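Input: structures, listed below.
Here come two complexes built around chain A, the first alongside chain B, the second alongside chain C.
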Partner chain A sequence: MMWDFLMHNSPALIIAVPLFAAFFTPVIGRFSKKAMYAWVVGAMIFTEFLVLILLYTVYTYGTQIYVFGARPYSMAIPPDSGGIPVRIIFTVDSMSVFMAFIAATVGLAGAIYSVACEKGQSGQEKYYALVLLMIVGMLGMVLTGDMFNFFVFLEINSLASAALVSYRINKGVSVEAAFKYAVVSAIGALMILFAIGILYGEYDALNMAMIASRMQFTTLDKIAMALILVTLAMKCGSIPMHFWVPDGYGKAPGAISAMLVAASQASLYGLFRMCFTVFGLAASHITLGYFLIILGLISMFVGVTMALVQHDIKRLMAYHAVSQTGYMLLGVGVGLATWGTPAFSQYGFAAMEGGIFHIINHAMYKGLLFLTAGAVIYRVGTSDLNKMGGLAHSMKYTTIFFIIGALSIAGIPPFNGYASKLMIYESVYQFNPLLAVIAMIVSILTLASFVKVFHSAFMGPKIYPDVKEVPKSMLAGMAILTFFIILFGIFPQLAITYLVQPAASALANPIGYISRVLGGGP
Partner chain B sequence: MTGFLDFSTPSGFWDPLRWIIVMIIALLISYYIWKRGNPKHKKGEQIKPFFSGYDAPSPEDAHIRAGNIYWGFITALKRYYAFVKSIHTGNINDYIGWYVGIMALMLIVFLLWGGA
Partner chain C sequence: MLYNLPYITVAVVIAIGLYAMLYKRNLIKIVIGLSLIESGVNLFLVSLGYVQGGIAPIYTNAPKTEMVLPTPQALTLTSIVIGVATTAMLLSFCIVIYRHYGTLDSEKVRRLRG
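Right after this comes the complex of A and B.
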């Protein structure tokens, strides 16, 4: 009975649980800090549990739709609606639940890590309420099948993220970074709202499946497509619209930087969803594919070369986040450029799988690296690599976690980064060998960059004799992400079979998505 | 569970477990060689590193800081770095400028070649 209730209502509960927890966090925090920590972590564990239930449901029974306010909850088109899905509908296919798993897992690790990391800070009630709202925003963006609802969750995500970037005022520097992020996000969101208005005016619908099925691809649609795709490319941090990334990631608290990776990936998901599902049936796959490929290539190369010259540990890692996003854009871009041609089954689909696999791998290792950077800053009080050294003497576990994260991002076996990069190299090579060569060079530069961080921060004589290892809850947050890095590194086929392949198949099947919502589909 | 050990890639396969076993064997062999050591070595000798006849600097002074690493690489790409650093102004007006510029470019591209 309880199991059935959770299975049927998990899409709504995944949003409702952290949202409810967010609003009650300040109330509980007024009475007891310990109760507040337990409340926040408990809410995140329950959310993760609900995501796992939804993952199982989608894997077993296929795409799930959840219609808010409808009875039964799966009735997408009410009899008196004129054939239009008027209610807010969550359309959860394998790609959506794959992204929800990433958001919930990184969110859980971030919440546990924050317990010790933010203990000495003031305004923790607001901090945790915003953390939970940020997770609501990410989860809503990836689960919804409604354009306006997507905009609302994008705004929740952006506003909560901007507020969290400025959480530690840091002599005004963090506030400036948050201001830039907020301005860029607000203008981007306005463009998306404008595009949604165009589509609504044309097709009398806000549902993604409905818009896709009615798409005439007029000049107005092309304008809406440019507004949406360029904005989401900016929000996921692709070059040359990435400038907010080093500012925002670099000045946010450690756990928030890790969660910002997942937040940016929710926008990346939006970009892929729009390319394949909303505009995919009408637009030129080659144009869209090359749009992603070019952005990916520039992001990979400029991101890593800019990272090499940084001496602020978090700014360096932020540029790597930009660079790694390039791999995802490249992999999925090759898939999109070959979509509908024989090349898609030969290597295009594998490239998509590689790009999508890299999303989850990146969330885990980049999240871990940001947490290790936060741990270092927590102990030494500076993010300047020039002032660090010898931390491996006293922060042994943090050093081990950093090594695992660094090897993984550089694509060194047997960690998860190697598995997804191998798929991208091999498939992209068949599309164009030069692209694969550039991707490999970027990996080498990534390794070089993290060797620099390792040498500067962890090797050498003890510069900080009083430094000791970080508290256990911070190590626990890092351990959660490390578990997935090793699991997906040693058993990549596990991730491919249950997460990546279904996600790539769902993304490449807009007809199935549309028919599931509008009827006639499985 | 054996099915999850065979990771098929687009052009072949990758077996992480076998790789780990080979690496462990290689590390064990390396450890054995290192453990045997050099029988000719006498304790008390060969402690100080040779530094062209000069006194070696202290470990604190010898530690190369992050700002000095990859100096050669960065100098070789001086012109490239001069350009990419010049566009990272930190000015919010420029951030929006790039965004609007790319938006305008993609509007033209999609209007001309966006349709299937």
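Right after this comes the complex of A and C.
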């Protein structure tokens, strides 16, 4: 009975649980700090559990839809509505639930990590409430099947993230970064709303599946598509719209930087969803595919070259996040450019799998690296690499976690970065050898940059004699992400069979998505 | 011409907002520009749902059946609420920035570079 309830209502509960927890956090925090930590971490564990249930359901029974306010909950089109899905519908296919898994896992690690890391700070009730709201935003963005709902969750996510970036005022610098991020994401979200208005005016619908099935691809649609795609490319931090990334990631608290990675990837999901499902059937695949490929190439290359010259540990990692986003855009872009041709089954699908696999790998290892950077800053008090040194003597576990993360981002076996990068190299090489060569060069430069970080922060004589290992809860947060890095590195087939391959096939099958919503029935 | 008047207004308001965001150096004026763009988008949504001679979409005791579309109004209400939250947050950022930097000139509020 309970199990059935959880299974049928999991899409709604995944949003409801953290949202409810977020608004109760300040109330509980008034009475006891310990109870509040337990409440927040408990809510995140429950959300993760619900995501796992949903993952199982979608893997076994296929795409799930959840219609809010309908009885039964799977009735997308009411009999008296004239064939239009009037209610808000969550359409959960394998790609959505894959992204939800990433958001919930990184959020859980971030929440556990924050317990010790933010212990000395004031205003913790608000911090945890905002953390939970940010997770609601990410989960909502990836689960929803409604354009306006997508906009609302995007705004929840950006408002909460901007407020969290400025959490430690840090002589005003963090607030400057947050102002930049908030202005850029607010104007982007307004452009998306404008585009939604255009689409609504044309097609009388807000549901993604309905819009996709009625798509005429007129000039107005092209304007709407440009507004949506450019905004989402900006939100996922690809060059040339990357300027908020180094500031925002670099000045946020450690756990928030890790969660911002997952938040950017929720936007990346939005970009792929719009490219494939909403506009994919009508627009030219070649144009859209090359749009993604070129964005990916520029992001990869410029990101890593900008990273090489940085002295600030988190700013350096932020540029690497830009560069790694390029791999995902490249992989999925090659898939989109070859979509519908024989080349798709030869190598295009493999490229998409590689790009999508890289999303989860990047969330895990970049999250881990940001958490280790946060741990170093927590103990040393500075983020300047030139002032660090010899931390390996006293922070053994952090050093090990950093080495795992650094080897993984550089694509060294047996860690997960290698598994997905190899898939991207192999398939992209068949599309165009030059692209694969550039991707490999970027990977080498990434390794060079992380050798520099490792050398200047962890090696050398002991500069800080009284530095100790970080508290256990921070180590636990890092250990969660490390577990997935090693698991996906040693058994990549496990992740590919259960997570990546269904996600890639779901993304490449917009007709299935549309007919699941409009066809009705369970 | 008169039928398109709301859309022309939308374009003008959004253009003024973009101008303020791009060319004004005071952070408060940037926030004002953002508010203007938001108003323009809201006006766009509301005018999309307008039906000539329509009444408010309340079915109980309705005198006639020509009604304006309710969905864009719901969207606009949501968007207004979000806009208030955004503006409040940005203005509070401005207060903190002024406290620490002593200025709101965007040319001088530039400690993050590289």
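Quick note on the criterion: the second predicted complex is superposed on the first by the 519 of 522 C-alpha atoms of A that agree within 3 Å, B and C clash if a C-alpha of one lies under 4 Å from a C-alpha of the other, contacts with A are read in each partner's own complex, and residues count from 1 in each chain.
Here, a residue touches a chain if its C-beta (ideal position, glycine included) is under 8 Å from a C-beta of that chain, and two chains touch if they have at least 3 such contacts.
It should be emphasised that the depicted structure is a prediction, and the values quoted were computed from it without experimental measurement.
Of the two partner chains placed by superposition, only chain B is touched by A:492; chain C is not.
Of the two partner chains placed around the shared chain by superposition, chain B and chain C are both touched by A:247.
By the touch criterion defined above, A:430 reaches chain B but does not reach chain C. In the superposition on chain A, contact of A:78 is made with neither chain B nor chain C. Chain A is touched at more residues by one of its partners, and among chain B and chain C that partner is B. In the superposition on chain A, A:183 contacts both chain B and chain C. With both structures placed on the common chain, the touch criterion links A:471 to neither chain B nor chain C.
Of the two partner chains placed by superposition, A:62 touches none, neither chain B nor chain C. With both structures placed on the common chain, the touch criterion links A:414 to chain B but leaves chain C unconnected. Of the two partner chains placed by the overlay, only chain C lies in contact with A:166; chain B stays clear of it. On chain A, the surface patch touched by chain B in one complex and by chain C in the other comprises residues 179-180, 183, 187, 246-247, 309.
Put simply, chain A touches chain B in their complex at residues 179-180, 183-184, 187-188, 191, 217, 219, 222-223, 225-227, 229-231, 233-234, 240-241, 243-244, 246-247, 282-285, 287, 291, 302, 305-306, 308-309, 311, 347, 350-351, 385-386, 388-390, 413-414, 419, 422-423, 426-427, 430, 448, 452-453, 455-456, 459-461, 463, 489-494, 496-497. In the complex of the two chains, the chain B residues touching chain A come out as 3-12, 14, 16-17, 19-20, 58-60, 63-67, 69-70, 73-74, 77, 80-81, 84-85, 87-88, 90, 92, 94-96, 98-99, 102-103, 106-107, 109-111, 113-116.
Against chain C, the residues of chain A that register as touching in their complex are 148, 152, 155, 159, 162-163, 166, 169, 171-173, 175-180, 182-183, 186-187, 189-190, 193-194, 196-197, 200-201, 206, 246-247, 250-251, 309-310, 312, 315.
Against chain A, the residues of chain C that register as touching in their complex are 21, 27, 30-31, 34, 37-38, 41, 44-45, 48, 71-72, 75, 78-79, 82, 85-86, 89-90, 93-94, 96-97, 99-101, 109-112, 114.
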